[in-house]
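For reference, the structure discussed in these notes is given below.
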Amino acid sequence: MSETGITVVLWPRPMCGVIGVYGPPEASNLAYLGLHALQHRGQESAGIVCTDGDRVRLIREMGRVSETFDATRLARLPGHAAIGHVRYSTTGDSSLKNAQPIAIDYYGGSLALAHNGNLVDADSLRTKLEEDGSIFQTTSDTEVILHLLARSRQQTLPERVAEALAQVRGAYSLAILSPDSLIAVRDPMGVRPMSLGRVKDGWVVSSETCAFSLIEAEFVRDLEPGEMVIIDKSGVRSLRPFATEKAHRCAFEWIYFARPDSNIAGQSVYMAREKMGRRLSIEHSVEADVVIPVPDSGTAAAIGYARESGIPFGQGLMRSHYVGRTFIEPSQQIRNFGVKLKLSPVHEVLAGKRVVVVDDSIVRGTTSRKIIGLIRAAGAKEIHLRISSPPTMGPCHYGIDTPSREELIASSHSTDEIRRFVGADSLGYLSVDGLHSILGGLAGSEPTNGLCDACFTGNYPIPLVPPSRLRQLRLISDEGR
Amino acid sequence: MSETGITVVLWPRPMCGVIGVYGPPEASNLAYLGLHALQHRGQESAGIVCTDGDRVRLIREMGRVSETFDATRLARLPGHAAIGHVRYSTTGDSSLKNAQPIAIDYYGGSLALAHNGNLVDADSLRTKLEEDGSIFQTTSDTEVILHLLARSRQQTLPERVAEALAQVRGAYSLAILSPDSLIAVRDPMGVRPMSLGRVKDGWVVSSETCAFSLIEAEFVRDLEPGEMVIIDKSGVRSLRPFATEKAHRCAFEWIYFARPDSNIAGQSVYMAREKMGRRLSIEHSVEADVVIPVPDSGTAAAIGYARESGIPFGQGLMRSHYVGRTFIEPSQQIRNFGVKLKLSPVHEVLAGKRVVVVDDSIVRGTTSRKIIGLIRAAGAKEIHLRISSPPTMGPCHYGIDTPSREELIASSHSTDEIRRFVGADSLGYLSVDGLHSILGGLAGSEPTNGLCDACFTGNYPIPLVPPSRLRQLRLISDEGR
Amino acid sequence: MSETGITVVLWPRPMCGVIGVYGPPEASNLAYLGLHALQHRGQESAGIVCTDGDRVRLIREMGRVSETFDATRLARLPGHAAIGHVRYSTTGDSSLKNAQPIAIDYYGGSLALAHNGNLVDADSLRTKLEEDGSIFQTTSDTEVILHLLARSRQQTLPERVAEALAQVRGAYSLAILSPDSLIAVRDPMGVRPMSLGRVKDGWVVSSETCAFSLIEAEFVRDLEPGEMVIIDKSGVRSLRPFATEKAHRCAFEWIYFARPDSNIAGQSVYMAREKMGRRLSIEHSVEADVVIPVPDSGTAAAIGYARESGIPFGQGLMRSHYVGRTFIEPSQQIRNFGVKLKLSPVHEVLAGKRVVVVDDSIVRGTTSRKIIGLIRAAGAKEIHLRISSPPTMGPCHYGIDTPSREELIASSHSTDEIRRFVGADSLGYLSVDGLHSILGGLAGSEPTNGLCDACFTGNYPIPLVPPSRLRQLRLISDEGR
Amino acid sequence: MSETGITVVLWPRPMCGVIGVYGPPEASNLAYLGLHALQHRGQESAGIVCTDGDRVRLIREMGRVSETFDATRLARLPGHAAIGHVRYSTTGDSSLKNAQPIAIDYYGGSLALAHNGNLVDADSLRTKLEEDGSIFQTTSDTEVILHLLARSRQQTLPERVAEALAQVRGAYSLAILSPDSLIAVRDPMGVRPMSLGRVKDGWVVSSETCAFSLIEAEFVRDLEPGEMVIIDKSGVRSLRPFATEKAHRCAFEWIYFARPDSNIAGQSVYMAREKMGRRLSIEHSVEADVVIPVPDSGTAAAIGYARESGIPFGQGLMRSHYVGRTFIEPSQQIRNFGVKLKLSPVHEVLAGKRVVVVDDSIVRGTTSRKIIGLIRAAGAKEIHLRISSPPTMGPCHYGIDTPSREELIASSHSTDEIRRFVGADSLGYLSVDGLHSILGGLAGSEPTNGLCDACFTGNYPIPLVPPSRLRQLRLISDEGR
């Protein structure tokens, strides 16, 4: 959880969700519904681009899916193919200008692109492209990909996409729409998820399988790391344009990002979390009266902890789902106001009890401190904080909006120091080994099954590329909203 | 749950929440925050009336609290006293015209009123008032109270309020604001809750105690049935203007309405629900692999059922909290679309399992049928539906927006018929005795501790008054939104 | 012109416009179009009430007609009869609460009322009604009429309207809608205009005849002072419920309010203004090079002045029609900013010239001073200000929003003092005799043809009723917008 | 006037207005006010880009200036330099995507550009740029200029701008903002106007001088055709980067576009129009009773006609300034509805009279036909239509949104055929010679004083460049609004 200002946002913050639909007569409708299912991955902007095989049409705005689209607007997006995007800013500032999908004209015609992930060399590529005469109208790394694609001299769109992506390093799951085809690509390490499904009259790709349930798509399979899938009127075909690399799937998708009813690399998100809780109970057992989650992301792990330990599960904190943006903080008057607006303690569950609290991660430690404070004030006798992931030691460079290393409490404090800071009686993190034992041996047909655990271990699989010169990036800001 | 149209609304639908603040220099700010905590009781409109002892100022609009108010607007509501209201239509159509609080001028000066509840004789009183020359600008029963108050010849405002309320029958918890005072009243049977709290520099009254937590008010006590509390510069005093009647507290406040972290009549809502689940497990035990709630209202009861039965608790259904209003229903394409938009099954929890599903009530049966369908489609081997309240046989006339008796499936079908309709392998309701064993012997200083269980038993404590003549009520509708 | 703040509003400010339609299948559409034609009479709020003979439906909002209504909203206003209203606040503060039409339920059923004018005894009537137990939800005098109507014991609606209006004093042109009929009434002195027209399938009443042109209604006749017209399925009939009084038509309707293409009491507004300009030229002739109007209201008088005097007419001031609300006044930097935003001088018309400037009235004098300053700065050699009405000595109590007597410069300053204040080389007002010579002998079938010239002469035909007690009226304010 | 649909827009439609401010501490405020004065040149979108010497900030939206900006938004645009733009679509579809200014990052840093005019070779340049790997995110020709500028290898920004513009053909007046400087450029033929002014602490450039009056800037001089003005901290300097060409100033700026209080090339727009009317009277004299303008653009010419002919001037048509967008056309019911909503006849001026009607141009003829119909229906005995410009025979390629040649009635019909079509008793156009006699010998320091009269004569000074290949331009459309 972040605690800058009044808006308490769960951390690590969801980043982006991508959907693509090819075939059904009203593709935009399915894309719209799919974006509803992916809304947890980004609430800042929403957009859909569609095509009827001739024109390419775009609607995108700041705000949620239900705010951006209504029946009238969807009716202006006809055609048999569409891609959609929900966004939370990772690279680039948060403004309409950076909303996705981005649609362009280039020598190959019209094109639109929706991107989940982050390029590590966007800055140097941008500098190089600018030196070659390119202009940038956004501060998004996605625009870099489009410039590279437009400069490719390859004959076909899939070849151009491959040539462009061969020049970038980073994490990406992309959906690309042309009047003729829908292309989905996943980076060689498969950091961000993407799956393929089948709907009546066509196909769908999505960042998460939970979108398939809603639109009654049949899950076909995950895209493999480094795979490109081309869907057009002749059907679906798959390319492997990149050299084979060891997979590095983002562990945080299971820990926090993905919806519990999604399935990544053959592994149920819900079951993974429950297993993390079970393992956590074994690694850090304690005598207690009740196990409570920090809702909603800690719930499955808390259930696992309770089951394994035999300690009863309870709801000691209620989360308010009606709280939108709140603008006043009577800070002197009300302690821990921001957290209290979201979370309220159930005194009867906590008073006089030895309480195990399960959360998914600790970032700066300040939100955990507030939560422990709430529970303590409700009369808990002992508070044992359990975290269903290892200590977050470093920032993510692959698409998650994390604070800098300095702000991450675990980068500079021991577990006992953190315990004291947050005010818990004990504190236990899931071990890295524990994490790998759950997520390491993943089922499915994937060639490699590696995890990205860089934020826990410092083993960054894709080296960060420093800016090639001192740049004042992001001079342009759209202050419109 | 209701299933008319695409918007799946939990049933019984929350109705109204009332807050009053007297004393603090920025009373409207606290009222605003309190309304956030009461938002679950009504999302249709929100309003605040304040006074600085001289002018009375009003802002109200259709929409949620966070949509209706911003910093600029709150700044236009200065003063040391305020009342606030969130509304879901019960009597009267849903339009801005019926939003509350209502503010009037009358011979005693300016006045504002916020109302939670429903009068059973509003129609006949309105007819009579109209025959005496009154005009009505809303279709709300609240306006009836204001007319009676303005016609009272009593000397003081508390006396006028008492005289007005002595003429009405029904359920009400009221907050009344004048330039000089804040008055809170609860009907003689205490159907709807209302509590008194203390804040720095003043006092607060609220429909639920959960608002106290957020604004750091100290809980003082519940208003007693039939009590009137007057707060002004000389402090707080209490009157008992009505003849003593047996209390009939709405059982549904514990079963569904109130937030789990609220406390009504000395009874924790969360703990009451957990006890209902435990008792349900005893009354309707079954061999099963997992107990899952219909989120969010069934969660505490499901935890109780799991604890008592020893069957593991799990999250088999995820609720989406990002879904706002959705306007398209591709009905032919996607089965059970409305429910799926809100609820999604976690296959790994359900597939091949014997599942106990705990919900708080069944209204028409159609939503339950869809939910059972979702769980069945996810591969559950057996599905045992458990309801933490008795069969809902009749409508509520005291402030809950229920469908007519004909639409209530339990009014005309046996439990086994309902079971077959919803498609469960077994179905068990909490018994009326079970309900009373949990909520009957309430703690606290209240003179009587009776429950209103009219919707389960047909024992309506306040007889419904038939319209005195054939009226075409509600001719006026505000179509503005 | 007024100059409080940045928004330069032409003065005397338009007040209200009323339209009523009976008969055509889509009556609301015609009412909507008619309100467009009456928009100059009030831009603060707009509303339409319609009936299909059964229900009465209402939409009203702050803002202009084109902002308040769109196709979707109009479609929610079905039926064969409708009344509409545009409003500029006269009595009562400016808030949604005071928007019109007002719709009520009373013992006779549902009813809606739209009002142009002002009651002089609203305050004492309100006090009396409140003492009798009435409640007021607006601060508008219109609500007083509705209370009186609802208290009438007469058998028929026309009789009730007559009985209610017999108790009030003031200026009013009303349109009243019931499920069965449309009633239009004009006060006994006929202060505010109202005309009757014929459309396909029905009838229309309007504050001004310019609405007839737009909707292709055929002008039938003006309502006579004191006349009540009842339109229902049996046709149109006329009543004369009040004692005969001498007519006192508001002279300012011709001088400033009404649209030049309207016709009041058989007199073209445009031609009346042109005649005022001709007469002004005779009364205050001067040698000059060009005659320019203060646009738009001074144009016809300036044309008349130019024709009569033989001095060429020119456009020396351009009015910007794109300026909406502007929020910044860089007051130190830019002199006369408010006026300049609306009016810009055409240097070539003014530089080195002896200029006659024709305006309709002077209120406080400050706007005239700014305008003279603009013209002087553009290089005019001489500036001769001519006003096409007599000096405004007193406020209007019959529906025009004038400042208090103290603020009216002519109430305490001689013409020469005013001339010096505004900075003109000469200043001439139309004489009261001149005004009567043009508007006094009006054509048409009216029994009496008197003018109300109270603001020029102090001869108030309807005595102002002082408040019956010291009241704190308008305690209630709707701060919503 | 155009008559497609219900919205009657005066034709030729205003296109774009540009303003630039350098020096004053709150440059955006002055840009905002200047855009108000230029609002008549485009109401579709509005935008401001500012810089504080470091960051470049942008706000732009669909809508008018007063809708796009408020105090909060302007406060987000700090700094000492700013450019602003109002837009009516000429090239490129009308969507937010094409709103201006456009802001980019390129190798030289950040940059923003606002453009009035139209490139004739945008299509072929775009094709060529795309073939070289450029991507286009708008369909505007302005983006072409930015690509060329970013590809320039010149050392300084002025040199890059010059190199880029040397490659394009067409009409343009540009304002370019970098963190260091404001650059204004006018195309070599000076088709579109642009002037330089002085404000306290700095400088301003504007499409029209009317913006100078409002912000109290002192007019310095027009930019000369082909001139580039660079304003930075060292002051103002001027470059002449292009080969000298004969000036071709757009005659329509005087005839219709510009505000009457503007001054172009030393010639007052108002006086030019009055002279056109005088000349028209000489060329096409007629015996008549009254001369009326089609407001507002025909007014000055009508005054000139009246003065020269001695026939009295009158207002026979009132224009409604309150009409916004209207969405219903009860087409069967109301004849000439669209025109009537904007224009209403004053019967007393027209009935029984011989009327001279002065308008600025005839495009398709259908609006003129409706206007003549209105006047005829008001009882005019004779109607003599006079047009203060020559017959419009061909479309404009230099920035005016004209219909195609086929739609221009004068391209295929004789004056007498047009007269019969519109229903006038006589019809006279200003001669081309007459036009040149008024606008040909312009005062001022300009090297050449030529006019562009291409739409009247077919002498297009800048040849149109046909698309280099069959393109499906504008595949991308932003359907958001």
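The chains carry the letters A, B, C and D, assigned in the order they are written, with residues numbered from 1 in each.
In this section, a residue touches a chain if its C-beta (ideal position, glycine included) is under 8 Å from a C-beta of that chain, and two chains touch if they have at least 3 such contacts.
The shown structure was predicted, so the numbers you read here are calculated from the model rather than taken from an experiment.
K.L.:
Work out the mean Cα position per chain and let me know which chain is farthest from subunit C.
P.N.:
Result for the farthest chain: A.
K.L.:
Indicate the whole-number Å distance between the mean C-alpha point of subunit A and the mean C-alpha point of subunit B.
P.N.:
36
K.L.:
Just give me the whole-number Å value for how far the CA centre of subunit A lies from that of subunit C.
P.N.:
From the centre of subunit A to the centre of subunit C is 60 Å.
K.L.:
Indicate the whole-number Å distance between the mean C-alpha point of subunit A and the mean C-alpha point of subunit D.
P.N.:
Spacing between the chain centres: roughly 48 Å.
K.L.:
If a residue has to touch 2 or more other chains to count, which residues of subunit C qualify?
P.N.:
Touching at least two other chains: none.
K.L.:
Chain pairs that touch, all of them, please.
P.N.:
Chain-chain contacts present: A-B, A-D, B-C, C-D.
K.L.:
Under the touch definition given earlier, write down the residues of subunit A that touch subunit D in their complex.
P.N.:
Those residues of subunit A that touch subunit D are 54-61, 73, 76-77, 97, 102-107, 109-110, 126-127, 130-131, 133-137, 139, 146-147, 150-151, 179, 472-473, 475-480.
K.L.:
Show which residues of subunit D lie in contact with subunit C when the two form their complex.
P.N.:
Subunit D reaches subunit C through residues 26, 29-30, 32-33, 36-37, 39-40, 43, 64-67, 70-71, 74, 200, 210, 213-216, 259-261, 263, 268, 270-271, 274, 296, 299-300, 303, 306-307, 312-315, 318, 320-328, 330, 333-335, 340-341, 344-349.
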